[in-house]
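Two complexes, one shared chain (chain A), two partners (chain B, chain C).
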Partner chain A sequence: MAERKVCLSGSGLTKIYGFGRTRTVAVDHVDFNFYEGEVISIVGESGSGKTTLAKMLLGLTSTTEGEIYFQGQRRDISTQRKKLEYWKNIQAIFQDPFSSYNIFNKIDAVLLDCINMRGGHGFPRAKKVEMMTEACSFVNLKFEELTNKYPFELSGGQMQRLMIARIFLLMPKILIADEPTSMIDACSRATILDMLMGLRDEIGMTIIFITHDIGLAYYVSDSVYIMEKGKFVEYGTADEVILNPKEPYTKRLINDVPKIYEEWDLSTV
Partner chain B sequence: MGKVLLEVRELTTRYITRFGESVYAVDHVSLKVEEGKSLGIAGESGCGKSTLALSLMGYYFAPLHYMSGEIIVDGHNISGMNPDDVRKAILGKEIAYIPQAAMNALNPTQKIIHFVEDVIRAHDPSADKKAIYERACKLFETVGLPPQVLEKYPVELSGGMKQRTVIAVSVLLSPKVLIADEPSSALDVTSQKMVIKMIRQLLHDGLVGSLIFITHELPLLYNVTDDIMVMYAGQIVEKGAAREAVFDPLHPYSKGLMGSIIVPEEGLREVKLTAIPGVPPNLKNPPSGCRFAERCKYVQPECIVNAVGLRSTEGGRVYRCIFSEKELREAYRNG
Partner chain C sequence: MKHTLQQVFRSGKFIFGFSILVAILLIVIIYPLVIPDPPLAIIAQGTFFEPGIYVNVYDSIIAPKYTLNLEGAAAKRIASRLNSDDRLAMKEWLVAVGIPEDEIDIEDTALLLELWETHFDPKTQIAGMTNARRNYYIRLNASLEGLLATEAAIIAVKNPTTGALEEKSVVAQSDFVNANKVANVRLLPLGTDNFGRDVLTELIAAARVSLQIGFVAGIIATSIGLTLGLLAGYIGGIVDDIIMFFTNLFTVIPGLVLLILISFSIGQERRGATTIAIVIGLTSWYWTTRAVRAQVISLRNRDHVNLSKLSGHSIVHIILNDILPYIASYVVMAMILQISSAILAEAGLSILGLGPRTTEVPTLGLMMNWAMIYYAHTLGKWWAYIPVLVTIALITFSMNLMNTGLDQVFNPALRD
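And now, the complex of A and B:
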């Protein structure tokens, strides 16, 4: 196995919302090393702090304590310019794709923005169209049918694919996918997963996959981190964590998912 | 064979939108549910599962319209019944329906006991408060819910507790059929398991006569219901025992669905999930041939031209395809 290179790490990372009676420790001193080119899953129940962690990694919310290191350097997003520079490297797909778009922007504008962000302002129109067409065909969408449409005219699955087309154009080093398939059907789920994994192979991206679905985490990831009440309670390779869980919380998550090959034991609740 | 509590024959219903367009959401659906038994309805979103639920209760409020077919609830034919009468005579008592996201639709300013009173008084206007309270307490205890919940407001309950409360309140009148539409989809796995355990107990203890459970999550259905019916674009494409539907699907669409199952069990990582390419047809203008033809790996020229009927196997399974059981199995073996 080639040497694994850390691309994103955190130490003592903490987020506290509110104060006094409304004080919530959403993320509680987590430490991690995420390696380049891997798929890392973060699994936990709702409210365990997954989205808050994602937002800190993305620089969308401040950290209360702790540090984030990107490619070995302390992350610095103290100015707007540095932030934009950082966002060339790290991008996200969220659970509800509809929340991620400016509803007044047509779809070609959404994709055009991505090209511009990567320094394609000056490209001739034909070149831009070619890039957008390629991105759409990567996710099985037809660019000609999308131009002039607004994002809300698409179905949930189409929207999520459009999000992936954006990532195809943006080519970030790291993608954070926060519950990207939880709003879509089981049978479209496989398509979305295939596309994400295809993208990883295509541009060698690291994927941080956030999910409440431990089966999904098992299927897609190299490493799995289990999050309970803001803390990482267990981590390891997917096989270690899912087939040989050590923590009671991990065991419960696994036990409580409906099974088809083994007996699903209802007596535990 | 047990007593048939619900029988639906060739039920066809549609939405008529404000623009006069028709959406053919339920097309010639037949099903039967016997006492003590459960039927699961699977299929991707938009295939007509929720519409079928409303339709088979006779709940025809615009824009939903009854077209043809029969609905027989415990021996009584209710097809063509006025929907207001359905609401009075059928809902809650004969058939209890838990709509999708019901738990988030509870009026936040009312205590749980208030919903209980609503349900009971809808069928017995003279019922007194004390009797209602005692009846609710008894049921809550049976299903493992603390009776204190009755005095709480919806916001004071966690998601899982709220959903179990909604279910308990829905079955106060011991309905012959309980229809649960995606009752656990929004919950964490542990709460989901508690909901499932409770629903199975209701059926097992005879607190509901029979169960129809709707979800697109197959592993869940597999663990809850005796039979599974797979719907595609408003039609039944396959119906049979749960085990067969999951481990030996016949219709190419069911085959695709089963191939997308994800469970945290050994071996999953070696399996390649099958994705079904494409999207379902628009139900405003469904294709005249097989509705799945456009996405089907095994499509033949005649599939596109002619409507495809349901056929039955010797083992009592039903599916909609031009190919025989043997031909399908062979096709699947060859990939």
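And now, the complex of A and C:
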């Protein structure tokens, strides 16, 4: 932990939706420094602004106020070309695999897009197939079985694994995983997480892991940011925050995690 | 795509509507090939000939004669000239001049005619009888002449030099001609209109032109609406504001009023069917824009669009590949509605006399207009306007039915 390099940071980042009576502050002046190679969890309940923050980091939503710095430089995504450069470095996995794919495109098209984005336009077909096969085998999918299939013909877990294969091909520096396991059944969940962690070791990327499940955050992350009503109320290493929470909100989140060996007290929920 | 088509063609409503439309289209395309008469040719001297088979009298005299001794032929002949209303009217007269009611048997034609001949006198004044009624009796009396005659009729030709009549042929009451052997027989299934045109030929040409107007207007309206809706919905911001400003302007101005004003200002001379189609198309795009925009707004923040952005696709690529396929079914439905409402709009304009100029092509609306200004409805000439109404109703009905069918396929909440 001697030299922790900041790869993504923000200062005074704010997002306000609407105006007048419908004005909603989704993200309220947050500051953060995300370090290279770490797994950072952003934990909060629904509506706390996690997804909005993720979209701002991805550049899919404009920021109302504040700046984002990428590798020490002020992020500039004013043109389509600059956006493209930025998106080579930062990618995402979305919450709902069923709505993440264009249902009119075949699976090949999804993966080919990634190869093209990494400058693989001119590759011969055989090389592209080889790359796609490799990516699929990394996530335990057989590419030969997937060609000419549509994404909706796969199961949710397979779709989410295909998403990881996509990231495998793109090799971004930062991956924003927006609740990647919340729509998946519990058995596939561990597989997906393991694959994500494996991918991190493989290509050495930073993962920003967005979740409402503080148990999961503890399991995977180095740093934890607790988000409440658009603000980071508490942050630090996973051990600091979760084993020794200071904020009542954090304590509540921790208490909400069901424990198998204890009787649930539903009255406090 | 193939799957969707299969589903669509499994919907009963869609198939029913589609078959009606296809049948209309086939008739419209095939009929002019079989009967290539110009639809606006004036063939009848006089207005509103009844539907029926018109047999040339001159040709049937020349045609070979066959003798058929049919029972009841005489009775039919009499009945065609003296119907039961006339018989009742005759009885009424006879009672009024003092014949005892039980002596009159209106079924016995010979007896009735004998009584009539002895007692009818047009000069007799009957209390309470109107002039019109008296004139009716005079007409009736004239038509009864020779009713019971059984002699043959003679066809004579005037000798051009002497001027004397020369017997040419004799037509007995039991003489028949085979209609196939008569040189000129014309079927007018829907009679003729006020100008003396064959209504059926005209109607089919009109349906064709109206469908063309509908398709052109529908395509124009849908493409404008789709383009503006996609731009407004996807790009948003100032572009959205500007587009929606104009869309809202069109929405608050009643479409028909706008249509009437534009049609009127173009002037009768320059108003062809195409012009009318374009005018209709240019005034009816706004609701497609609104609907498409709403759909696009709900789509543009979907994950698959975000993913496409992250994969480095351009706006055009995203609109064409990630937005358009998702609203394609809706756009098809909107287009069908646009076509059917364009056909109705043309009919509405033409009834008011603001449709295409009347000398070139008939349209369904123009036929309604002609029927209206020549009082077909008050004269009871149903064949001049009822078939037109039915055609308009069938076309729009079939399209709306197709739409309902599509809606059921694409909107799971409406499935049976």
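We adopt the following convention: the second predicted complex is superposed on the first by the 257 of 269 C-alpha atoms of A that agree within 3 Å, B and C clash if a C-alpha of one lies under 4 Å from a C-alpha of the other, contacts with A are read in each partner's own complex, and residues count from 1 in each chain.
As a working rule, a residue touches a chain if its C-beta (ideal position, glycine included) is under 8 Å from a C-beta of that chain, and two chains touch if they have at least 3 such contacts.
Note that the structure is predicted; figures quoted are calculated from it, not measured.
Of the two partner chains placed by the overlay, only chain C lies in contact with A:Q80; chain B stays clear of it.
When the two complexes are overlaid, the chain among chain B and chain C that reaches more residues of chain A is B.
Of the two partner chains placed around the shared chain by superposition, chain C is the only one that A:L58 touches, whereas chain B remains out of contact. When both complexes are overlaid on chain A, the residue A:A92 reaches chain C alone and has no touch with chain B. When the two complexes are overlaid on their common chain A, residue A:G157 makes contact with chain B while staying clear of chain C. When the two structures are aligned on the shared chain, A:C114 is found in touch with chain C, with no touch to chain B. With both structures placed on the common chain, the touch criterion links A:S188 to chain B but leaves chain C unconnected.
Taken together, the two structures place no residue of chain A in contact with chain B in one case and with chain C in the other. Only residues 55, 58, 60, 80, 83-84, 87, 91-92, 94-96, 99-105, 110, 113-114, 116-117 of chain A touch chain C when the two sit together in their complex.
Taken in their complex, chain B has these residues touching chain A: 44-45, 188-190, 192-194, 196-197, 200, 216-220, 222-223, 246, 256-257, 259-269, 273-277, 279.
Chain contact summary for the complex, chain C toward chain A: residues 302-304, 306-315, 321-322, 325-326. Only residues 45-46, 140, 155, 157-158, 185-191, 193-194, 212-219, 238-239, 242-243, 252-254, 256-262, 264, 266, 268-269 of chain A touch chain B when the two sit together in their complex.
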